[in-house]
Amino acid sequence: MADQSQRGSDVFVHPQALAESSRIGDGTRIWAFAHVLPGASIGRDCNICDHVFIENDVTIGERVTVKCGVQLWDGLRVADDVFIGPNATFSNDKYPRSKQHDRPIEQTRLDAGCSIGAGAVVLPGITVGARALVGAGAVVTQDVPARAIVSGNPARIVGYVDTKRQPAVPVPRPVTAGEVAPTSVRGVSIHRLPLVEDLRGRLTAGEFVDQIPFAPLRYFLVFEVPGKDVRGEHAHRSCHQFLVCVRGSVAVVVDDGQTSEEIVLDRPDAGLYVPPLVWAVQYRYTADAMLLVFASDHYDPSDYIRDYAEFQEALKKKT
Amino acid sequence: MADQSQRGSDVFVHPQALAESSRIGDGTRIWAFAHVLPGASIGRDCNICDHVFIENDVTIGERVTVKCGVQLWDGLRVADDVFIGPNATFSNDKYPRSKQHDRPIEQTRLDAGCSIGAGAVVLPGITVGARALVGAGAVVTQDVPARAIVSGNPARIVGYVDTKRQPAVPVPRPVTAGEVAPTSVRGVSIHRLPLVEDLRGRLTAGEFVDQIPFAPLRYFLVFEVPGKDVRGEHAHRSCHQFLVCVRGSVAVVVDDGQTSEEIVLDRPDAGLYVPPLVWAVQYRYTADAMLLVFASDHYDPSDYIRDYAEFQEALKKKT
Amino acid sequence: MADQSQRGSDVFVHPQALAESSRIGDGTRIWAFAHVLPGASIGRDCNICDHVFIENDVTIGERVTVKCGVQLWDGLRVADDVFIGPNATFSNDKYPRSKQHDRPIEQTRLDAGCSIGAGAVVLPGITVGARALVGAGAVVTQDVPARAIVSGNPARIVGYVDTKRQPAVPVPRPVTAGEVAPTSVRGVSIHRLPLVEDLRGRLTAGEFVDQIPFAPLRYFLVFEVPGKDVRGEHAHRSCHQFLVCVRGSVAVVVDDGQTSEEIVLDRPDAGLYVPPLVWAVQYRYTADAMLLVFASDHYDPSDYIRDYAEFQEALKKKT
Amino acid sequence: MADQSQRGSDVFVHPQALAESSRIGDGTRIWAFAHVLPGASIGRDCNICDHVFIENDVTIGERVTVKCGVQLWDGLRVADDVFIGPNATFSNDKYPRSKQHDRPIEQTRLDAGCSIGAGAVVLPGITVGARALVGAGAVVTQDVPARAIVSGNPARIVGYVDTKRQPAVPVPRPVTAGEVAPTSVRGVSIHRLPLVEDLRGRLTAGEFVDQIPFAPLRYFLVFEVPGKDVRGEHAHRSCHQFLVCVRGSVAVVVDDGQTSEEIVLDRPDAGLYVPPLVWAVQYRYTADAMLLVFASDHYDPSDYIRDYAEFQEALKKKT
Amino acid sequence: MADQSQRGSDVFVHPQALAESSRIGDGTRIWAFAHVLPGASIGRDCNICDHVFIENDVTIGERVTVKCGVQLWDGLRVADDVFIGPNATFSNDKYPRSKQHDRPIEQTRLDAGCSIGAGAVVLPGITVGARALVGAGAVVTQDVPARAIVSGNPARIVGYVDTKRQPAVPVPRPVTAGEVAPTSVRGVSIHRLPLVEDLRGRLTAGEFVDQIPFAPLRYFLVFEVPGKDVRGEHAHRSCHQFLVCVRGSVAVVVDDGQTSEEIVLDRPDAGLYVPPLVWAVQYRYTADAMLLVFASDHYDPSDYIRDYAEFQEALKKKT
Amino acid sequence: MADQSQRGSDVFVHPQALAESSRIGDGTRIWAFAHVLPGASIGRDCNICDHVFIENDVTIGERVTVKCGVQLWDGLRVADDVFIGPNATFSNDKYPRSKQHDRPIEQTRLDAGCSIGAGAVVLPGITVGARALVGAGAVVTQDVPARAIVSGNPARIVGYVDTKRQPAVPVPRPVTAGEVAPTSVRGVSIHRLPLVEDLRGRLTAGEFVDQIPFAPLRYFLVFEVPGKDVRGEHAHRSCHQFLVCVRGSVAVVVDDGQTSEEIVLDRPDAGLYVPPLVWAVQYRYTADAMLLVFASDHYDPSDYIRDYAEFQEALKKKT
C-alpha cells in the first residue's frame, strides 16, 4: 500500500478495496473490489464504486462519480462534477495490439460537469465538453462539444442541454414586405423575406440594410454536408451574419451566454440574423441542405472565437 | 454482514463474495467478487456470477441467472426465469449528473422468462416483456413487448420468439374467383381476392359474406407508420377483422395462445381474416405501407384485450 | 353535275364551287372552291366553307359548320350541330399505302354537338362523343368520351365541358367526428372522415350507416391506372357507392343530368358519396393513385348504365 | 367584285383567284384559287399564294408572305414582313360551337418580321412577338416573346434568334482565388469563384468588389420555375446584377443590342455579371434549379426596361 | 398553259384544275382546284387530288398518291409508290423569313413506298426512308430510317414495319450453365448466361467461344442515351457482336434481309449474338440503360455497312 | 487452488486474484480480482488484468492481453498475440434462457494477432481472423476476415490494416488513346480508356492486348451487392483480370504479399489490371455499383487461392 500522507482525513476505503494511491481527497469513498493504482490522483467527495479500476496516470477532480465496472486508463483527465455510468468503457490506444506499446498513449478529457451514460464507449483521444451528455450505449468517435447531447453508434449530436427548441420558423401566411421577429437570444432575429409566386415559379428577395441589417462583404454557400456533421461552433468578434437555408433544412443553435435557442431553418424565404458575440452552431443538415450565409466582413481568421470559454471571457470584457 | 435468518438453507456464497442480504432463496449460488447489498431480495435457485453488484432496492425472482460484470441498481424488478448476459448494463437515471439525486429513480422491469443479451444496455424506466429476447449489444430505448426479439442501437423488433415465419402470401397464379388458405393459427385464414388487370389499370374486389366472412360495420386505414413501430398487440373479444395491405408491406403476427405465425401482407389482392380471441401484432411496416381493415363491429374500447396475460385468461374461460 | 331534285329550295352554291350532290338541305351554303361529290348527303342550314372537299360516302347532319381546308372522306358520319375547324384533318386508313385499297375503310363518327379544333388531326376509326371538344392542333388517337375536352399530341382528356371545377376537397382543419358537405350535383356529398395521428402513424376510419350512408356488400380497389386513362363513365341504376382515394389523387366528374361538377379526391380522410342515377367519370389519376370504393350491392352487370343517352332516358323515366 | 379604286397600280390577281377587296397594295400578287373578301386590307409587295382564304376583318402589312392553304380569319392583325408557312392554321374562337356566334371574336397579332412555320396552329387571342420564329407543326397556346423560337405541342421556347450559344461555363480545374472570363456581350463576364471542400462538405465564397464587381444592396433567389417558363426578359437602367445558379442549371441569354449570347449556369462556383443596359432572359431551368442573384441597387420598378424596343431606344440615347 | 408534248396519252385533268406541266405520265389524274406548275415532273398512274399545289422543282415517281390540301415545294423528290395523306405539310426553309431567299432551298426526299400520314408536318431537309410510315399528325424533325414507324411531336420511332416483336427475353427459370435460343433471323441467337446469386449479391458470367461464339478484340459500353435516340442502324461485313444490356433496357431490331425481329434486352444475364451481315438497330433506350457490346474485331470503319440498300447488295453477292 | 505443477516458473498472481488453473505459462501475470477456473489453459507472457473471469474450456495462446472486465467463456479459443480490450464481451449461446443448457455451446475463435476493441460485443460462433481489428463498441455478428477493420452495430468492414488508400482513379482530363498508370502493388496498373461522347450519348471502348494486357476468355458482371458486403478475397494462380466499374463505385484492395493498396473504381472509362498471384478484395459497393470483370482464363476453381496463408506460401514457392 502507498504512502497515505496526502490522503484526506475522512476517506472511506472498503475492506475489500485496494487503494494504493496517497492522493485521495476528503470525503471520497472507495468501494468493494475497486482498485486504485499508486499514481492516481482523486479529488474530494468522489464516489468510486465496486469493481472500478484506476490506473496511475489518471487525474480525477472533485465530486466525481464513477459507477461500477468502469476502468480509467493512463491518460484520462476527469474534471470536477463528472458522472461516469456503470460499465462505461474508455481506452487509450486506437489501434491496440498485444504487447506493442511503441505509440504514445492518447489522452481522453472529460470536462467539468459532463456525464457518460451507462455502457457508453469513448474512443481514445476524445474530449467530452463541459456539461455534455453522452447517452447510454453511445459509442463516441468524435469530440463532443460543450453542452451537446449525443447517442447512437457512432454517436451523433441529438440536441443541446438547456436549449429551448423552436420547432421551425412559423409561417402563418405569405409576407410581401418582409417581417422581423425577435428570439430569446440577444440580438438574434428571424426575418421573413418576401415571397412572390406565380405560374412561372417562386421568387424570394431580401433588401440589404433594410431587411437584412448590414451590407455584406462576403457570401458563402455550405452544401453536401453529411447529416452527421456539425458546423459553426464559434462566435464572431465583429462580423454580422445572415443565414438562409435555400434548400433542405438545418438546425441552428444560438447562444448569447445567458440564453440558448434552437431554430430550424427550412425555407428559402426565412433568414436568421446573428450579430457579433453570439455563439452559433449548425447541425442536423438534411441530405439536400444548402445554406447561404451573408457576412458583413471579409474573411478574417482573427475574428473567430472558437473556444466557448474564450467566448464567455469576451462577453464579460464587453460589459 | 446482514442478519441471515431469512436465507435459504443451502445458499452457496463464494469465500470472496460479499452477500450482505438475508433474503436469498434456497439453492442460490453467489460467486467470487460478487457483492449483494443488505436490502436486496433474491429468490431460489438463482446464479449470481463473479463481479456482479446488486443494490438494495432490487427484487429478483426464482431461477434467475445474472452473468459476470452486471450491476442491478435500485429500482430493478427481475421476475422468475430471467437471464441477464455478461456485462449487460442497466441504469436508473435518464439524465445522470454527479451528486444530483433530486429526481426519483426510474424502475426497470424484466418480466418472466425474458433474456438480456451479452453487453446489452437497457435505459431507465424500460419494461422488457415476458419471454422477450434482447440481442447481444442492443441498446434498449423503448419497452420491449412480450415475446419480441430486439437488436441494434437503438434496438428495434426483428422478430417474435416461437413464431413460424411465412415469408409472404404465396402467389402461384392469378385468381379469378377468390381462394382461402388456412394458417396454423386457429380460425385465421389467408384470402386471395380476384385481381383483374387490363391496359387501363388493375382492380381487385371483395364480396362481403361470400368472400369475406362477415358484413362490415366499420373500416379503417392505417398509414405512415414509422418502420420501427409496432401496432395492434391486442385481441378482440367479439369483433372480426379482415386486413388488406393495399400498398407496401406489413408483417402480422397472429397467435391463438397455442400457436403463433407471422404472415407478410404485401399485395392488395390478399387479405387476412382474424376472428375474435386471436392476438395480433403488426410490425415491419414499410415506409409506404397502407393497411385497410374491415371490422364486423362499430368501435368499442371494451372489446379490446390489450394485455397478453388477460388474453390467456379469456381463452381459458372460453374453453 | 348531279340530279338536283333532292336539293333544298334555298341552297346557296358559290359560282366557283362544285356541288355535285343532289342531297343538300335547305339553307345550306357552299362556298368558293369547295367540292362536294355526288354521293354525299348534307342536312339543312350547314355552312361548307372555301376549299372544302367532301367525298361520296359521307353523311352530314343539320347545322353543321365545316371551315376552310377540311376534307371529309368516305366513311365519315357527322351528326347535327358539329363544328369542324379550319384545316382539321381526317383519314380512313391507319396504314395507308399508295394504290393499296384492300383493307375496308374505317368509319369516323362525330357525335351531335361536338367541335373539332383548328388544325386537329383525327385518326381513322375514332368516335368523338356528343358535345366533346377537340382542342386546336390535337392529334386524336383514341375515342373521345361525350363532353370531354382533349388536347395535345397524342390527345389526352384535360377536362369536361360545362363542369364546375372544385380544386380539391377543402381541408380547413382536422375533423374528429366526421363532416358532410353537399355538392352542386343532386345527392352527391363530400364526407370528411375522422383522422387520428400520433407518433406511431395515422389512422382514418369510417363507420357504416352513421358516417357512410349505406352498408357495403362489396369493396374494390382501383390502382396502377395509366395517367392518360379514364375509368368509370357510367351510372348505376340502384347501387350506391362511396369513393376514397387512399393514395395519390384522382379527379371525379359527377353529373346528375342537369349539373356537372369535378371533385379532386386527394386524401384518405375524404370520401365522395355517389347515389344511384348519377353519372360518374374518374380521370387524371396520378401514377400512385389508389381508389377504394365501397358498393351497396354485389356486382351486377345489369346495374350499369354505360351510355350517356341511356342515362338521360333513365332519368326521365324516374321523374 | 368590290370597288377597286384603292388597289395599287400593279397588283397581280391570277385569273382563278377571287380578289374582292379594293385595298390591296402595289406589287402584291394573289395566286390561283385564293379568295380575298371585300373587307380585307393588304399592304404592298405581299405574296398571297394558292388556296389562301382571307376574311373581312383582317389587316395585312407590307412584304408579307402567306403560303398555300392558310386562312386568315376576322380579327387577325399581320404586321410588316411576316411569313406564314403553308397550312398554318389560325382561329378566333377558343370554344367553337357550330352556329353559335355570341362570344366576341378574339384577336390574334403577328408582330413585325415574325415567321409562322409550316403546319403550325396558333390559338385565338395570341400575340407572336417581333422576329419570333414559330417552328413547323408547333401548337401555340401562349404569347410568344419577341425573338423567341418555339416548337412542340404545346409550343415551348427552345432558343432565341441570332444568339450565340455557349454550352456551359467551362471548368478546366479547381480555382482557389477566383477568375474572370469575358463574353462576346459588352460588359458581361463569367466569374469562377473559389471552391473549398473537406470532409464536412463543400464551401464556395465570393468577395464583393474584389471578385464580384459591385457591392450588393439586394439579393434574390428564383426557384421552382417550371422548365417551360421564361423569366427576366428585361434590362436595367442602372442596376448591376450577378447571377449564381446554386443548384440545377439555367440558360441565360444576354444581349447588348448588337450581340446576343446564351450562357448556361450550372454550378455553384460560377457566376455571371450583367451590367446595366444589357437585355437578359433566363429559361430552360432544370426542375431543381435555384438561381441566386445579387443586385447593386434596391428594388426600383422604374429601373426596369421591359420592352425590347424601349431598350433599343435607351441604348441610342446613351451613345 | 405549257407545251403538252411530253404528257402521257391518257392523263386526266379536271376542268377546274390547272396543269401547266407537260411532263405528266400516262394514267395520272389531276383533280379539281389542283395546280401543277410548268417545271414539275409527275410519273405514271399518279393521283393528284383536289386543292393540291405542286411547284416547279418537284419530281414525282410512279403510282404516287397526293391527297387533298397538300403542297409540294421546290426541292421535293418523291419516289415511286409514295402515299402523302391529306393536309400533310412540307417546307423547304428551316428559318423562313418573308422575302428573304438568300439561303439555298433544302431538299426533302420521300423514298420508295413510304407513307406520310394525314396532317403530318415534315421539316426541310428530311429524308423519309423506304417503306417508312409517318403517323397522322406527326411532326418529323429528323430523318426517318427505312421501314421505321414514327409518331408524335416531335416524331419518335415507335416500331418497324413487318417486324415480329418479341416482348422481352423469356426467363422461365434460373440457368446455371448458359443456354442458347435461336431467333427467326438467320444466325442471331439469344444467350441466357449463368446467374448466381447469394446473400452477397448477384453474379452473371459468360465464357467466350463456349457461350459467346467468338473471342472479342474489343468491348464498348453505350450509356446516357436520350430515350428518343436510335443507335446502330448498320450491318458489319465481318465483325461479330454480342450485346448485353447490363442496366435498364433497350430494344434491338435485327434483320437478315428476309426476316426482321425486335428483341428487348432488359437483364444483365441475357445477351444477343449478332453475326456479320445482319442489319441491327437499337432504340427505345430507358434513361438508365447501359449497353455492353463485345466485338470480334478491332475498330475498322470500312467494316460498317450504313446504307440499307448497300446491305441488300452485300447479301446478294454473298449468295 | 488447483495443482500448480504445470505452471510456469515465474507466473505472477496478485494476492487478490484467484488462479485455479495449473496450466499457466511462464511470464504470465494475473491481476487483482481476476478469477481463472481450473480447466483454463493460458500460454506464456500473457497479461490477465483486474476483474477478468476465465472459465474452464478456454485456451489462450502466448503474449495475449486481456484487459479489465472481460469474461472468457467455455468454448473460446484465443490464439497468440491477441489483444482483448476492456469490458469486451463474449457469449456462447445465441438464444440464452436461464437454466436451459440443452444446446451445445458455440465456439468463438480469435485468430493470431487480432485485436478486440474496448466495449466490443462478439456474438457466439464467430471467428475473428488473423490481425483483424474490431473497433471499440462494435457488435460483431458475422465472421471478420483476416486483416479487416470492423466497427458499428452491427459491425461492418470499414478498411483493411496496413493498406495504402488511393481516393479514386485520378481523372485529369479526357483521354482519347488510353493511358496506363502503375500502382504500388507489383504488376497492378490503372488503365484510362478512351471516352467518346456526342449528342446520342457516351461510348467508352478498350482494345484488348493493346490497352488491356491480355485477351479475355471470360467476362463477368457483379451487381446488386449490398453495401455491407465483401467479395473477392482470393488470388488467382494463373488468371489475369481486368476490372471496370461501369456504374456506381467499388473499392478494391490489392495486395502482393508485401504491399497493399486500396483503389476506388468509379467510372466506366477506368479499369484495374490484376495479374496472377495478387490477393484482391472488393468492398464498399455503392447501391448502384456494377462491376465488369474480364478474365484471361476460363473458370477453373483450382485456380483460386482462398486462404491468405496459402497465398503467402504460393508466393514463396514462386521466388
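Here the chain labels run A, B, C, D, E and F in written order, and each chain numbers its own residues starting at 1.
Just so we're on the same page, a contact is a pair of C-beta atoms (placed from the backbone, for glycine too) under 8 Å apart; a residue touches a chain by one contact, two chains touch by 3 or more.
What you see is a predicted model, and the numbers here were worked out from it, not measured in a lab.
J.: Chains in contact with subunit B and with subunit C: which ones?
T.: For subunit B paired with subunit C, there are no chains in contact with each.
J.: What's the rotation, in steps of 5°, that superposes subunit A's Cα atoms on subunit F?
T.: Subunit A sits rotated relative to subunit F by 115 degrees.
J.: So which one's got more C-beta contacts, E-F or C-D?
T.: E-F
J.: Using the average of all C-alpha atoms in each chain as its centre, how far is it in Å between subunit C and subunit E?
T.: 36
J.: Measuring centre to centre with CA averages, how many angstrom lie between subunit D and subunit F?
T.: The answer is 65 Å.
J.: Give, as an integer number of Å, the spacing between the C-alpha centres of subunit D and subunit A.
T.: Taking the average C-alpha coordinate of subunit A and of subunit D, the gap between them is 57 Å.
J.: What parts of subunit F, by residue number, touch at least two of the other chains?
T.: Subunit F, residues with two or more chain partners: 33, 51, 69, 87, 119, 139, 153.
J.: Draw the chains as dots and join the ones that touch; what shape do you get: line, ring, star, complete or other?
T.: other
J.: Report the complete set of touching chain pairs.
T.: A-B, A-D, A-F, B-C, B-F, C-D, C-E, D-E, E-F
J.: Using the touch definition up top, name the residues of subunit A that touch subunit D in the complex.
T.: The touching residues are 197, 199-210, 215-226, 229, 231, 244, 246-247, 268, 290, 292, 294, 298-299.
J.: So in the complex, which bits of subunit D are touching subunit E?
T.: By the definition above, subunit D touches subunit E via 16, 32-33, 45, 47, 49-51, 63-65, 67-69, 81-83, 85-87, 113, 115, 117-119, 133, 136-137, 139, 151-153, 161.
J.: Would you mind writing out the residues of subunit E in touch with subunit D in their complex?
T.: Per the stated touch rule, the residues are 18, 33, 35, 51, 53, 69, 71, 73, 87, 89-91, 95-99, 119, 121, 123, 139, 153-154.
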